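What follows is subunit A paired twice: with subunit B in the first complex and subunit C in the second.
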Partner chain A sequence: MNLESLHSLLPQILLALGSTAILLGGAWVRNRRLWLIVGALVAVVAALVAAFVDPARIDILGMYSATAYARFCTVLWCLTVAATLLISCRYVDLFRFGGGEYASLMLFAAAGMSLLSSATSFVGLFLGLEVLTLALYVLIAFRQGDSRGAEAGMKYLVFGAVATAFLAFGIALIYAATGTFNLEAAAAGLQTEEGLRPLGLAGWALLLVAIGFKISLVPFHLWTPDVYQGAPAPVSGLLATAAKGAVLAAFLPLLVMTGEGVADIRNVLWLLAIATMLVGTFAALPQTNIKRMLAYSSVVHMGYLLIALIVAGDEGSRALLFYMVVYTLATFGAFGIVTTFADENGEIQEYDDLRGLATLHPRRSAMLSVFLLSLTGIPPLAGFFAKFGLFQAAFRGGYAELAVVGVIASIISVYYYLRPIIALYSPEPAVVCREVAAQSETLVLVGCAAIILFLGVYPAPLLTLVGLVIP
Partner chain B sequence: MIVPMEHLLILATLLFALGLGCVLVRRNLIMILIGVEIMINSAGLVLVGASAFWQQVDGQIMVLILMAITAAEVAIGLALVVYLHQQKKSIDVGIFDEMRG
Partner chain C sequence: MIATLMFYLLGAVALGATVMAIIQRNPVYSVIYLVKSIFSLALIFYLLGAPMIAALQIIVYAGAIMVLFLFVIMMLEVTPTNAATRTAPGWFHWGPVLLLALTLVALTLMLIGLDPVSSEGVPRWHASPRDFGYTLFKEYALAVKIISFQLSFAAVGAFHVGMTERRRARQEDAS
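Here is the complex of A and B:
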């Protein structure tokens, strides 16, 4: 470890030190909003450093990299965490969260996500994933005295711990088969027809199970709706977007390579993608709780993203990154609106409680509609371009069947995305929720909605940026 | 290596399967965490064996990292168990069934 490596890890170090400083400071100054703002500032500064300070070296101790791609992911996750902290301002007062601890854990999770997506070895990958998961265990059960939050925390703990064990055993088997922790060398080691190849493939299978748990692919998705429903809404927003995106981003550089060893993995991913899209779609249809619906929606969207991961190559990677950004904005926004609707009685989750809210809160209802319609893929919004690019990449890459299943799932998705919108705009008078949104909440959500509208009309800037950073 | 690699892999796989069985069968949260520990330790065993097989220290370093991370995970896990016990006066996973559908 020399100064150059430290300089290249500057964003992650800033996040970790900022997190520790806030934890210490929070012991003296019990001011919730102050620490949330400080946390958001630290995350934004880390994002700026990642974007504008050139790393001294690309390879850091053979564990992490500081490529344009890794830096892009870091910026994305840092900004998501900053936005999460900002929309939590009113929420933490409402439910009396410890402000310092909350902000500190969020920054710690950001450090984990950024390490995860810049990992080039299994050691770095494992470390990043655990840093993220350990912070999330606490954040999910953060609302004290809430029995659903406790239940969600318990479920995430059990599934997360089992996933960690699968990941560790998978990594151990891959190391036994190839003798290296380097991601690319380990994948390349699969291509030689030697006696140890079955061992390596078994390792990759266990690794896929662990990833399946983390990004909730069918059949490992069972925890998703319960955890999203029970966790505080801002935390669910982070779980559904950045926490999953970081895991996917870690595996994108790996699957860009083509080869026989990776081809076997691709066949399994093909099956998982189809199962994920179909099961997620049909499970989302009967939901009457917006957080559970968004959970199944995130399952389906992970299926779409898997298509891009299978297509790989330049086009697949570009489609994946573009889709990930647009999905993050829309899903985060939807959970953000749920956050703003919370009052001292709890969150508004059931469609029945959403009825008629549009007359009370026309702006927030319009924004929620924008987010949900973007997730559906209705043309003037960014979600349309994202889906179009993704399915086009699938057709060109020779995976027409995946694109067809994806299009069918998208068409069916109109039903479950429109249900909450119809409830919002139903003519009955609203009975609950007279809370006024805080300024920081409005700022973040209007920002999300504006970017979605802008990218829907003019996606070129993001497409260019994504084209520059793909590995 | 004194012990053949196959024997080591068989033992580790057995341990992993036993741990997984413990997680799936037991309803007590602490027993589930113990099952997970057994699964993770079987991974450590493979790492140490592979490290000797390939004549590298990488695997042994990874085992140390694994132990540190597992310790952190158990600390948080047990803290959650205490919190859950305060909430529901039980650590049987069967009673956590408020959310369905």
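Here is the complex of A and C:
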């Protein structure tokens, strides 16, 4: 460990030290909003450092890398966490979240995500994933005296612990088969016919189970709706976007490589993608709770993203990154709107609670509609371009059947995304007026909606950026 | 030849002890079986020529972690303490324990006699405490640091989740 590698790790170090500093400061100054804003500032500074400070070296101690791709992911996760902290301003006062713990855990989760998506070895991957999930265990059960939140936290803890055991076992088997922790060398070592291949493949199978748990692929998705429903809305937003995206991002560089060993995994991924898209879609149809619906929607979207992982290559990778950004904006925004509607009695979750809200809260209702329609993929919004790019990559990559299933799933998805919108704009007006959203909430959510609208009309800037990251 | 035989014996002991640990209703019995399972794993490591890992396995797992288990079990009082179970344990309780313990003691003595580390020369993967420390704190220093951060946040999380309502109210008043 030398100065050069520390310099390359600067964003992550900033996040980790910032979270510790907030924790220490929170012991003296118990001002909730102050620490949220400090936390958001630290995350933004880390994002700026990741974006504009050239790392001294690309390889960091053989565990992490500071490639353009890893830095792009770091920026994305840091900004997501900063936005999550900003929309939590009113929420932390409502539910009396402790001083600095909330902001500090969020920043630590950001450090974990950024480590995870820049991992080049199994050790780095494992550590990053554990940093992330450890922070999430606590954040999910953060609301005191809330039995649903405690249940959600417990579920996530038990599932997460089992998934971690699978991951550790998988890594051990892959190490036994290939003799290396390096991700690329391990994938390449799998292709040699030396009798240890079955062992390595068994390791990959265990690894896929663990990853399936983390990004909730069918059939490992059962925890998703319960946890999203029970967790505080801003945390659910983070869980659905950055926490999943970071895991996917860690595996993208791995699967871009082609080879016999990876081809075997690809067949399994193919099955998982189809199962995830179909089961997620049909499970989302009967939902009447917006957080549960968004949970199933995130399952379906992970299925779409899996298509890009399978297609791989430069085109698939670019489609995946573009989709990930657009999906993050829309899902985060939808959970953000749910956050703004929270009051002392809790969050509004049932569609019946949304009924007729549009007459009283036209701006927030319009924004929620924008986010949901973008997730559906309605043309003038960014979601359309994202889906278009993804399915086009699938067709060109020779996976037409995946694209067809994806298109069918998107068409069915119109039904479950429109249901909350119909409830919002139902003719009889709501009786209860909700609280006014805080300025920071409005700012962040209007920003998300504006970016979605802008990218829907003119996606070139993001396409150029993604093109720079994956040349 | 004798080493191979011992490996399978130890493997059988480890598996048997783990199965017993799972099927026990009384958590304290489970812990005892778990200690045996971990001990036989340590002997397997020793047999493979990794005395360092064997020692760590016993110190960390059979020593520290198992004591922690017992503490938690006692603190939570999860052990059934009704009159029926308070009678002296029957032979089917201590029989398997004794059998496994005797096997392990015999195997340990045999292993000491066999001395796999020095008899076959130092194997390629043999790690002295010095090598181990060097690798851990030099090559994987970053990993150690990340884990220490993680542990401190685990403590924060445990403190937050475990905080009672009354304590929280007091803290609110103070601020």
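Everything that follows uses one rule, which is that the second predicted complex is superposed on the first by the 468 of 471 C-alpha atoms of A that agree within 3 Å, B and C clash if a C-alpha of one lies under 4 Å from a C-alpha of the other, contacts with A are read in each partner's own complex, and residues count from 1 in each chain.
Keep this in mind: contacts are C-beta pairs under 8 Å (C-beta built on N, C-alpha and C of every residue); 3 or more make two chains touch, one makes a residue touch a chain.
Remember, predicted model here, so these are calculated numbers, not experimental data.
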First, second, both or neither for A:101, with subunit B first and subunit C second: second
Partner chain in contact with A:230 - subunit B first, subunit C second, else both or neither: first
Touching partner for A:264 - first (subunit B), second (subunit C), both, neither: neither
Contacts of A:153 with subunit B and subunit C, given as first, second, both or neither: both
Partner chain in contact with A:292 - subunit B first, subunit C second, else both or neither: first
Subunit B versus subunit C as contact partner of A:123, first or second or both or neither: both
Greater subunit A contact set [subunit C / subunit B]: B
Partner chain in contact with A:137 - subunit B first, subunit C second, else both or neither: both
Which superposed partner A:23 touches (first subunit B, second subunit C, both, neither): second
Footprint overlap on subunit A, where subunit B in one structure and subunit C in the other make contact: 123, 127, 130, 134, 137-138, 141, 145, 153
Subunit C partner contacts - residues on subunit A that touch it in the complex: 1, 5, 9, 16, 19-20, 23, 30-31, 60-61, 63-64, 96, 98-99, 101, 104-105, 108, 111, 115, 123-124, 127, 130-131, 134-135, 137-138, 141-142, 144-145, 153
Residue numbers on subunit C that touch subunit A, as the complex places them: 138-143, 146-147, 149-150, 152-154, 156-157, 160-161, 163, 165, 168, 171-172, 174-175
Complex interface listing, subunit A residues touching subunit B: 122-123, 126-127, 130, 133-134, 137-138, 141, 145, 147-148, 150-155, 157-158, 161-162, 164-166, 168-169, 171-173, 175-176, 179-181, 199, 225-226, 229-230, 286-287, 289, 292
Complex interface listing, subunit B residues touching subunit A: 5, 9, 12, 16, 19-20, 23, 29, 32-33, 36, 39-40, 42-44, 46-47, 49-50, 53-54, 56, 58-59, 61-62, 65-66, 69, 72-73, 76-77, 80, 83-84, 87-88, 93, 96-99, 101
